[in-house]
Every structure is written in C-alpha cells, then in structure tokens.
Amino acid sequence: MIMTHRRFMTRALAGAAIAALVLSGCRSGGGGSEDGASAGITEEPCPDAVNEDNGCIYLGAISDLTKGPFAPLAVPITDAQKAFWQRVNEEGGVGGYDINIEDHIADAEYNPEIHNRRYQEMRNDILALGQTLGSSQTLAILDDMKNDDVIGIPASWNSAWSFEDQILESGANYCFEAMNGVDWAVKARGVSGKVMAIKYPNDYGGDAAAGAKAAAEANDLEFVEVETPTGQDNQAGAVAAVLQQQPELIVVTTGPAEMATIVGGAAAQGWQGTVVGSSPTWNPALLQSAAAPALEAMYFQAGPWGPWGTDTPGHEAMRNALGDVTPNDGYTSGWAWSYPLLAALEAAAEMDGGITRANLVEAAQNLEEVDYEGMLPPESGNQAGDPEEVAWRESVISKVDPDAPTGVSIEQEMMAGPTAESYDFSEPCFALR
Amino acid sequence: MNQFAQAILNGFSQGAIYALLALGYVMIYKATHVISFAQPALMVCGGLFSYHLTAQIGLPFWPGLLLAMILGALLGMAVERLALRPMVGKPVFTLAIITIGVDIVLRIAANRYMGANPRIVTFPDGSRQYEFLGLSITHQRVALIAVTAITVVALVMFFRYAKAGLAMRATALNQETALAQGIRVGAIFALAWAIAGGLATIAGTFVAAGSAGMEQNTWIIALKALPAIIIGGLDSLPGAVIGGLAVGIVESLTAVYQPDVAPFLGANFALVAPYALMFLVLLVRPYGLFGTREVERV
Amino acid sequence: MTSMLTPRRAPRPPRGRPQLRTSYAQDMGLLNTPAKRRSTALVILAAFTVPFLVTDDLLLIFTLGLIASVGAIGLNLVTGYAGQVSLGHAFFLGLGAYTGAVLGGDPEGSVTGYGLPMWIWLPAAGVVAAIAGLIVGPVAVRLRGLYLAIVTLGLVFLGEHIFREARTLTGGPGVGRRGPDLELFGIDFAEAGSLFGLGLSRDQQQYLLALVFLIVFAILGRNIARSGVGRAFSAVRDRDVAAAVIGVNLTVYKVMAFAMSSFFAGVTGALYYAVVGVFEPGAFGLLLSIQYLAMVLIGGVATISGSIMGALFITSLPRIAQEIAHLFPIISTSTVGGGLINVFQFEAILYGLLIIGFLIFEPRGLFGIWMRIRNYWKGWPFSY
Amino acid sequence: MTESILEVTDVELSFAGVKALGGVSFDIRGHELFAIIGPNGAGKTSIFNVLSGVYRPQVGAVRFGGESILGVAPHRIAERGLARTFQNIELFENLDVVDNLMLGRHHHLGYGWPSAVAWLGKARRAEVANRRRVEEIIDFLEIESYRHLPVGMLPYGVQKRIELGRALAMEPRLLLLDEPVAGMNGEETEDMARFILDIRDELKIPMILVEHDMGLVMDLADRVMAMDFGVPITIGTPHEVQTHPDVVRAYLGTVDDATIADVIEEVSTR
Amino acid sequence: MLSVKNLEVVYNDVILVLRGVSLTVPRGQIVALLGANGAGKTTLLRALSGLLDIHDGRITKGEILLGDRPIHGWDAPKIVAAGLGQVLEGRRVFGEFTVEENLRVGGHTRRGSLTDSIDEIYTLFPVLKERRKRTAGYLSGGEQQMLAMGRALVAQPDVILLDEPSLGLAPRIVQQIKDIVVQINEERGTTVLLVEQNATMALSIAQHGYVMEHGKIVMDQPAAALLEDDDIRDFYLGRGELATSYRDIKHYKRRKRWLS
C-alpha cells in the first residue's frame, strides 16, 4: 500500500514537472525576436488595465527577490517601481499606452547566470528593463540589450553607468557621493586627520573608495583603505583596523549589518570619530540595536536624494502611492530611479514612429532634462553629452534621527563638494570591465 | 599584548556561538549519522522566535529565550518527522541533501517574516562594558559565554546520567541493537533534532541580540560550525565545543594580525582561516582532535 | 601456471536464451543489446530535433543542462563510482572556468586574456583542473565519508577566496569577467549563423555544440566505468581493504578518480561559463557543489545516464518550479511585497520541496524512475 | 619445491600495547595445505592480516617468494601472488559476479587509464582475454547461472564460492583461506572441501587454511599449526596436533591431566 | 507462551523469506530452532522482536501471539516492553560503553531504579561484576556474549530469544554459555527460544526442536528425538564418525544437485 502510494506520488511529481516544462515553451516559428521594433508593445490593453482604451507597454524587472544578498532592499525597490508605473497609468499612461511591469518581474538571485537566463525568457516580450539589479549581472546581459535595442534602469549608482548609452542612471554615483561625504565631513565636522574607507570587495566598494581617496587627497588628508567581507561575524578585522589606525573619518560602503557591527564594535572599545556611509549602509531597525548610541553620535548617510520623509512632490507622491508600508528608503530609490525611463518614453512618444525600442534608445541618449518632481533637479537627468559635462555630482547628507520615518533626516541639502566639482570624470572611477 | 589578549577574548565569545551550533550538528550526527545542513535555518528561525516573543509580544529576554528554545526544539522535531523520518536507512548523503532542501524552505519563510529590516533582540543592559586587566567585554557577551558553559555542562550530565541520554548514545552506536533494548529510535532522532533546535535557538538569539540583529544574510554564520566540528571530530561533543572556540579565536587572530603579518594571503583571509586550520588539524589527525577513528576490520 | 585453469570437461551447452551473446567482446560492448542500441539512437535523434521545437530561452536551459551533465558525470566518477563524496566540485568547475576564460579571453580586456582558440582552452581547462585534482587527491586519500565531504567543502571556500583575490584573472567579486570566445572550426557559436545550410540562432548552435560535447564525454565516462579502472573505483568504494588485498592500489585509484572527475569538471566549467557569458567568483560557492551532488543523487548514483538526467533536471528545476508556481491560482503572481507569500518565494520553496520530494519518493533517482518505466513497458520478467 | 614460498620468522604484533601475536614462525613447503587452528582470539586472522600487508608487525620477518614483504603495501603483495579470502565475506556487493572476478584479475589487465578512457585496441583486447580466464573460473566453481547477478543478492554459500573464485582469478602463488566453511551446512561444506582439494591437487597452489571446523581441518590439512593467545603451541601433522596435550588443554580449558589423557586416548583410537 | 501461526515475511516487497512458519514455545521451556544459513531463522527472530522494518522486511500473513496478545505489527520497543527480549546474533554489545552502562541500557524499558536487577545480573555472571567499569569493547568474546545476555535480562523478560550464542566461541566457552542458559531457564523461569547452528549444543538443553529449511519448518519433534535422527545428524549436526572423509567424496556427488 505504501509503495503503491509512493510510486503514484513519484509519477505525479515527474509528470507535473515534465508537463509544466513542455507547456511553457514550444518554438513559435521564430516570430518575435526578429521583429525588434514592436516587441513589448501591443495595441491590446494591458491585463487589468487602468485605461481600457490604451495599448500596453511591457517593462521587465530583473531583481534579487528571495535568496540573494540584496533581497531585503530589492523587494521594496520593486514594489515602489510597480507603484510608480501604476500611478503613471492612473494619470493616463504615456502616449496612448499603459505601462505594465508586473508581468515580467524576475528573480535572478543576484547571479549573472540566472540574470542572463531570466533576460532570455523575457527579451521578446518587453520594451525596456524597468530594473536590472547588480553590476556584473547587468554586464551579463548588456550585449544582448544592445543587440535588442533595450534600455535599462540600473538598481545601483555605479560610476560606470554614465558611460553606457543604454543604461539610464539617476543621482550622483557612489564615487561622487563619497567625495561629497569627505568634503562635507571636513567642512562641517572639522575632520583633519586620517580618512579610512571601509568597503566591500566589489564594484560598490571600489567605486566609493576611489571617490573617498580622491577627496582625501584633495583635502590633503592621510588615506587608508580596508576591505571587509559580508557578514556581521566577519568584521573583527575591520574593527581591529579602526582601533589600530584611529581614523577621524570613516567612509563606509558595506551593508547595514556590517556597518553597525564595525561602528558599534569600534565604539565599544573607545574609538570616536565621524562615519559617513553611502545610502545602502543604513537601515532604521539599527536604532534598536546595541550599536544605536554610537550610530546616533557618529553616523551620517550620504545619499543621492532625500530619505523617505523628505518634503518634495515626488516623495509625497511616492508615500501616497505606496500607502501603508513600513517606510524604507529602498522604496525611495526604486521610485526615483524610474523617472528617467518615464521621460524617455514620453520623448519617444513624440518621435516619428512613436514608441519603439529604437526610438526609446535614441530618446534616452538625448534626454537633457528629467522631471523628478523635486526629488532631484531636472538637469540631473541630462544624458546628452560626455559624462564629464553632464554627470550629476550633488548629494544629500542625512543624520540619524529616531523621529524620522526611516530613521534619518536631512542634515545638508543637495550639494557638490569642491572635490566632486573639479573631478576629471573622463572614465569610471572603478572599471567594470 | 593587550591587543592580542583582546583578540582572543573577542574570538572566544564569538566562538561560543559557533560552539553552540557545532553541538547541534554533532547531536544530529551522533544520533542519525547525518550532517544537517538545515542548522542555518534553525538558527535563523530560533533567533526570530526570540525576537517575536520579546519585541512583538513583549516577554522579557530570559523567559522569551526559554520559550523560543521550546519552539526551536519543536521546529527541529517537525523537520525530523516530516522530512527525515521517511528516509531512515537511506544513504547519508541523500539525507544531507534533503536537509538542504529543508534549509531552503525554512529560510525563505524566515526571509518572508524578516522583510527588509534586521530583527534585533534587545538584551537587557547588553552594551554595558566590563573592564578587567585592560580588556573589555560587553555584558551581553558575558551572558553568552555563561549560557554556553551552562548548556555544555547540562549536556554532559544528560549524556552521562539520564536514561534518555544513555539511550541516545546507544542509538548512536548501533540502531538495531538499541531497538532490541526497547529504545524508541524514532523518539531518539526526534530528541536529537529537538536538542539541536534548542541549541540553534540559543545561538540565533545571541546573534540577533548582536549589534546588527538577524537579517536575511545572517544564516551564513552557521556554516562556520562545519570546520569546527571537523576540527573537534564529528562525533565528539567536547570536540564541538573546543572546535567552535578554536574557530572563533583563530578567526579573530587572523582578522587582526594577518593583514600585517601575512598580507600575501590576500584581503580577508580570516574568512577562510577556519578551513585552513581544519586542513592543518586533519593532516595530523584524520578524524579530528577527539573524533573516533574507524577501525579497519577484515 | 598456464594450464592452471583449464576446464576438466567440455563447457555446458548454452541454455535457450533469446538474446544470446556469442562472444565476450559483444557481452562487454558499450550497448550490448539491440534494445539498448535502438533506444539510445532514438534518444540521440530526439535530442538533435529539440532545438527546432522549443524556444530559445528554454533551449539555453537545455544547453546549460547538457554541459552540466558532463560535470555531473565527472562528479559521479569520483562520488558515485569511487565512493569519495566530494563537495569540492565547485572549486574544480571554477578552476576550469577561469582557465578557459584566461586562455581564451579577450586580450584587450581589463582582465588577463590570451585569445587562444577553443581547441586549446577547452582541453587546457580540463588539464589544469585535473592537476589540481592530482594535488588534492593525496590529502583526500587519508579521509573518509563526511570528513572528506567537509574537507572538500573547505576547498570550495579556499577556492572562492583565491578567485576573489586574483582580480587580474577573475575581475573580482561584483565585477566578474567574460568567458572565452566560443569559436570552433570557424563557426562562431556566440552569433546566429548557418550550419550545414541551416539558418540557426545563437542558442540553437550552442545547444548543438553542447550536445556533441556531452556525447563525446558520456562515451568517455562510460568507457572509464566499464573498464578495469571503473571496476577498481567500485572496489575502492565498496570495500577498500579488500580492494587493496586483491591488488588495487588505493591511493592511485582514489587520486585518479579525483583527477578524472576534475578533468570533467574543468572542461564543463570552461564551456558552461563561455555560454553563460559573464560570471563572478561568487558563482563557485557551496551552492554549486551541492547542486552537482543533487544531480548525482537525484539522477542516480554510479550511472552515466542518471548523471545526465539529474543534470538536466536540476538545471531546469528553477524553471519547472516557476511554471508550476504559475499553475497555482492562490499564489498572487503579480505581487512582490504583499500577500502571504509571493510567487518568487513560492518558486524557491518549491525548488526545495521538489528536491526533498524526489529523494523521499524515489531514492534511486531519476534513473530508478526510468528503469521502472522501462520495466513497466517491457514487462521485464523476474529473471531470478 | 627447492625453497619454501613463505617463511615467517618470529613475528610479533601488538595493538596499543596488547599483544596479538607473540613470536610466530612457520613456513610453507611445496604446495602443501597448511592449516592454522586455535580458539577465538588466538591470532589466526592477525597472521593473515600480517601476510597480506594489512597489519605491519613490530618484530620479525616475513619472506614471500624469497623477498621480504614487511612494509610492502597490500596491493604490491597481491601483485607478487598472494591471494586471500575473508572471514566475513568481503565481496563487492554492488557488482555482478563477472565484475568481481574481473577485479581479481586487476593486475593482469595490463593497460592504463588512457586506453581505458579511449577503449581502444589494447584495453578491449585485454578485457576480452581476461574475461576468458574469468569464464574458466566460473566454470571451475560452477557458478555459471549467477554470472550477471549482483553478488549482494546471492546466497551466503555461493558468495563464499565467489570469493574463492576472486582469489583464484588472481592466479596466486599462495592462497590464504579464512574460515571458508564457517556458517555452511553439511552439503555446502562438502562442496567447499572438494574445491579446496581440487585447487591443491589440480592447480597445485599452496594454501593456508584458518578454520574452526576440526573435522575439515584434520581431514584435509597436510600440516597443522595450533595457536593460543597469539603463540603457536605446536606444528605437525593433524594427528600429532590432535594428540598434543597443550592443544587439548587450550580447547577444553584448565582440566586435570587425567582428563586430557582420556581425550587424547579417545582421539587416537578414532 | 509465544506462538507463531502461518507467518509469511517478505523483504523489499519481493523476496519471500518465510513461507508459512508456525511454532510454539511453551511457558518455561527451552525450544531450539535449527537450520542452515539462509534458512530464515534470523528473519523469524526479527519478525518476533519487531526488527523487520529496518531491514525492509514486512509480515504479509500470519500472526504472532505473546501470551494471548497479538504482537505482530508492533514496533520493537513495544514488544520489549511487553516482555520479549532478544540477544542479537554476534553479541553486539555497545563497545564504547562500560559494562555497567550496557546493562543500564538493557533496562531502558523499565521504570524506577535498576540497581537491584543489575545486581541480580552480577550474581548470575560474576565475571561481569569484576569488569563493571571496563569498556565493553575490550572484553573477550565469551564475556561479551554474557554481557549481551545479561543486558537482555535486565529488562526481566518473560521470553528471551537467543540468536546463535555459540557463534565463534571456543568449545570451552560454549559449554559455559550453555550452562547459563539452563540456569536462566531454571532459576528465573525465563522461556527461551534458542536459535543455533550448533545443533548438538542446542538440542542437549532444549525440550523441543524445530528445523527450518528454505523459510519453512520441515521438522518439529522433541529434542531427544531430533538428536537421534540420522538425517539431522548428517546434515545439520556435522558429520558423524562414520562419514567418509572429504578426500573420498567423488566429483559426481558434488554435481548431483546441478543435474537435477
């Protein structure tokens, strides 16, 4: 009896598995892929369309939603983007189309290989990528994106994106952010001693450390760099380095757990100074941790725009659109990142032939202004020109504020320090390839 | 000198966490001859139980921890009953892969609960500093070391004097013979998993009470216990404790000194130092420091 | 001595067996029954028609599955046949991947590349990995069972460390590097093109390349398994002391198993990541090793065809989970944040559950299922 | 026949201070059948383990075919022509009968891994040639009907026979049999006894036999060595050994001399 | 006391090992079960003590009664608790435990203090008392057999199953074991089912004997009668003094089974 039951289960499992695969992909005579211009855009209304009369534009989002290291941030980012395009639809859509991002959200687990697979699955069905998270992940599909005339919104602030035509970035990159953080700390916190960059051993850490180094040199300060791995249990080396070197300023590019462990650990053993972290180093829950007192005293966040609670029309619209969620600046980023794609779509709608992949690529390359509804100045969205001329170099510095919805509030409004102003941005701070 | 002693102290207290986790692995290994790759998930879930009971429901820390340990033990038993019991007698590596499946499932559920924010257990007065001989240690770390010590002593007593403990050792040696003595082997497996779940809960709670709490990536800590159990010997409880502490201390010393002493090993060699130590130990003793040697018999 | 085993009487006449094999060579043949020959030919034929039936995205999965099969065969050699459970496969895969990428990579890029042709980088990847296997093997010889497993796991962690640190070769974490160019006999497999007058997409070409690659290595694997080498592996696995006493050199065969397995892993790594495109050190972690072990266990221990089935299954499992997840109306497919559970989490859970389910309900693996199906159709008599 | 194939001189072996063998000496002459008897724990199997290289004795010398084999790896000793069976069957259960016997011919294969991988001429020819020899053994031991069955599924008595076959496949110069009839019924014992006699008389392979079944030992052996507590009591013909007072004492425990004399008397008249 | 009726056991769902076995062990008696290797003796014991399932075996037919309680389908711990103990083949003492710990494990199913029952065991086996703190793995074969029997007796079973207690022991030790079995039976009133290859030994102390062959009971007679049976002597008891020497067995005799 048991055995028969098991056999049945096995067959049922195997059968379901095979059936599911076969159902999913019969070769449909090679359509779609050659027909790049119209891929991802239909005259049919979207499923569950807001505007029944509109056609539909499909956007893809390849993110890190379950198992990868950025899953905690990527989920709010993706949710904010869904809300963003929902709002666009509610306001009538773009050029006679509603925008659908929901149908092509994919989880790539922060793995270039899966990222590539997921792109292959959706490449014939989307007009553009509303989100592509991760640097090597995006690089893994960039050639195909170019072949397909697909533009994408990165979910990062890497300085290399300024040099990619089909990537539409927003806000100052990690490199400028770190420069602004150092310049600000020198001016506002009177830092005159050693500057230490504590960074992840990856593009994010590399980019910021390059900026911190440039700013330290410009300010004539001694500079050291410490690489630290992920995992709060692996920060003993970083803590020891802080205690040994006694820097006055630390520029951190890690995750929140690592940042809190390092700052908390160093402070517990007597270190005092200033900490500037880039935006992914903060999480409001850290205010409950044992490190909270140290963070309140020493931590500042450098970011590309104001946190969740900032008073601009864009922030306001985001808060309204998302409604009753636990505030998190992942939402803020996902929302703000989406504006340039909207602008490009609007521009392409005005062009001959309307919205097509090719027109969208052209529109994106020629954007001179993007309406960020006050989250960033319009000129920050300029893509038309050399990065040296058009790259946005201003950041916001926030301080810990237990009363603010995401635990931080603005300390210093949008500004660019002298280092960032004069930096020769003819190539990325940290080469991706 | 002071830096050296401080590094050892820090490593020792971190090692206490590894030791608790390593004890869990060894418990399950001894009873069932399976390496449970589900320990990370048990640790995460245990930490979250404590979080939920203290931060959400409002219990004080210690009762919360105790209740969480019961929940962790129940979770361990559930895993054993649902995923492993049907497989009794199958090759151990099949079972190991099943525990990996369990780990994936549990961690996804835990991630769902955690969301974007780390879950931090508040330890009463945890950041108070004690200073002695120029060394400093937080109140919370002292508590961790004390709890670990009590746990280890309790386990030793259990195995030496309790009927269930003796039955458990008997089962570890030979299941069929144990059955023939009237020992419920299934219950012993469940007990092993329950104890492992409880130990993982203590470890998880103290991780969650650390400076950054429990978040989606914290599970990796539990893997550090793997070199620990090999260093100590897979089937040795004292070995697990010593292995865990050794891993903590070696890791801490490497983190502090390797960048200056041996920079050619690359940045963050501390990450792999436990494994390097494991290789060294095995070159000398192929069954770990306290492991039982398999006797070759023909 | 020559006369020692001459039979004292004439051999008994053979009993009436329907499929009598008249020579030992035939008995030991690769496909020793007509039924096996027919079914194998059919499977290969079917495999060659697949690229003309399914979409490119699915084809990519199958391509990767075929390549991974070679790695799974390699792991099965050391773990299934020789019984040395290795969690270190990811390290050898990585070594092969980086050897291939460095030798065959773009000489102009920011990471090292020599732009050598495929017929050099592919075997070289295998050789480098095999040499690493030769170095690791002797250490492994001293250890058994779970000790060996966890020590090889340590190899993965050390390997990841090396891959992270050797940035001029690997690009480092978060950045990664590109694999080598896929160009053989003047055919560029990275572009759409025509083969034998057929217009083929990139994915179709790569699929066919992977299929031929697998057929070659499956035959090699089968040869090893059925030869004295394979028998010696099994002897070492089942009873090592007895094996030594009948003349099998344990050390040599354990090390040989590691080296051969690593060679298979090396070529797999190089080709796999050439198809994937960009890869970074994080790829070669514990999870990869576990996936390969799962391929062997789910496919069937100590079978070549099982390794292939297991590899195809595990590589398509995320997609299978994805498709099954969409069949459940209760799971909100459109929500990321809200609801009890979203579709991606459900997919991930399903992935875990499918692994558990297959192992619980069919411990002999896919090969066991295949045997059952085959036996069912043949009405296989109980011959003993 | 000029020199003995095996000479064991003053071998001592201990584990962690416990003496398993305390000065054992004997030699094998011509193709004789030499038996070792003794109560459990007398060190019989330890001698086999020393001879086949599994254990290395602390003291003494073992010369096989005129060369010392102390410290030589088990597989090397096997290659020099020493084969053995085991007390608890040590077959490769997952392999079929043919593969088990082919493994016995492992060092006769004579091809390396490169030709194995390619399965080119050499490997193929060697496999076929050795398979032919294996078939001869299958025929000799009358196990034709089990040829392609995994040995783990076969009855105990057949497994014992296959283990003997595996040892024969090695074409040994000396064969060690460790309790070949333990746990067998009368008929199976008879069969095995016949095979052993055939091996000695037709194949002319010298053998050392460890066995509890006194009837079998006394019946078949040319010479017998009785042991107790790791030390030989006596070596001689079966009858000499059977009537040796110390042997009787070892088997019956501490009893008075009169009883021993009675027993010897009884045995002698049989 | 213990009776088996028409029992069928199947391994791995396909291999039928017991084909309708019936036997009875009356209260307070010693019953011997004889048979060659592979006859199914150990399988029968596994069925009796609930250890079949860990060997992938299953009772497909028949019943087992302990007293008047049907115990087939019970798991091993429940059967032990019901008063049926087993000493497994090959002794299987817990080698890393001390002698005393082994005995304590034997009393697992009993509630309360074990001191008294363990003392009784020490009276029965004085050598175990001498060795109480020794690690069991270092005991001699005979001492280990005594420990295994002692361990089973701590649970104070009504019926005890002994699987080949003489296996691999020197004749002198076999004699001792034999005496102890009789002593247990007489002093404690324990019912004994004794499975043996060594038929002479088993039949010399049993009241009744069964012979198994190919999963069936082929003979069922008082022990004394079995001892006298010539076939049994020749086939199972080792060859009598009149048997021909092995050297004289002709080839044809060896072949006869294959020709049929």
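First chain written, first letter: the chains are A, B, C, D and E, and each begins at residue 1.
Criterion: contacts are C-beta pairs under 8 Å (C-beta built on N, C-alpha and C of every residue); 3 or more make two chains touch, one makes a residue touch a chain.
None of these values were measured; they are calculated from a predicted model.
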For chain A and chain E, chains touching each: B
Of all other chains, the one whose Cα centre sits farthest from chain C: E
Where chain A and chain D are represented by their mean Cα positions, the distance between them in whole Å: 74
CA centroid of chain A to CA centroid of chain C, Å: 36
Where chain B and chain D are represented by their mean Cα positions, the distance between them in whole Å: 49
Per-residue multi-chain contacts in chain D, two or more chains: 54, 86, 90
Sites on chain A at which at least two other chains make contact: 66-67, 75-76, 201
Residue numbers on chain B that touch chain A, as the complex places them: 3, 6-7, 10-11, 14, 17, 55, 104, 107-108, 111, 114-120, 122-123, 126-127, 129, 136, 138, 140, 207, 209-213, 215-218, 220-221, 224, 251-252, 254-256, 258-259, 267-268, 270-271
Of all residues in chain E, those that touch chain B in their complex: 49-51, 54, 56, 75-77, 79-81, 85-86, 88, 92, 94-97, 101, 104-106, 108-109, 151-152, 155
Residues of chain C that touch chain A when the two form their complex: 52-58, 60-61, 64, 109-111, 164, 171-178, 201, 203, 276-280, 282-283, 313, 316, 318-320, 323-324, 327, 334, 336-337, 342, 344-345, 347-348, 354, 357-358, 361-362, 366, 369, 372
List of chain C residues in touch with chain D within their complex: 1, 4-8, 11-12, 23-25, 27-28, 30, 220, 223-224, 226-232, 234-235, 238-239, 241-250, 256, 260, 302, 384
Interface residues, chain C side, partner chain B - complex: 85, 139, 142-147, 149-151, 153-154, 157-158, 160-162, 164-165, 241-242, 245, 286, 290, 293-294, 297, 301, 341, 345, 348-349, 351-353, 355-356, 359-360, 363
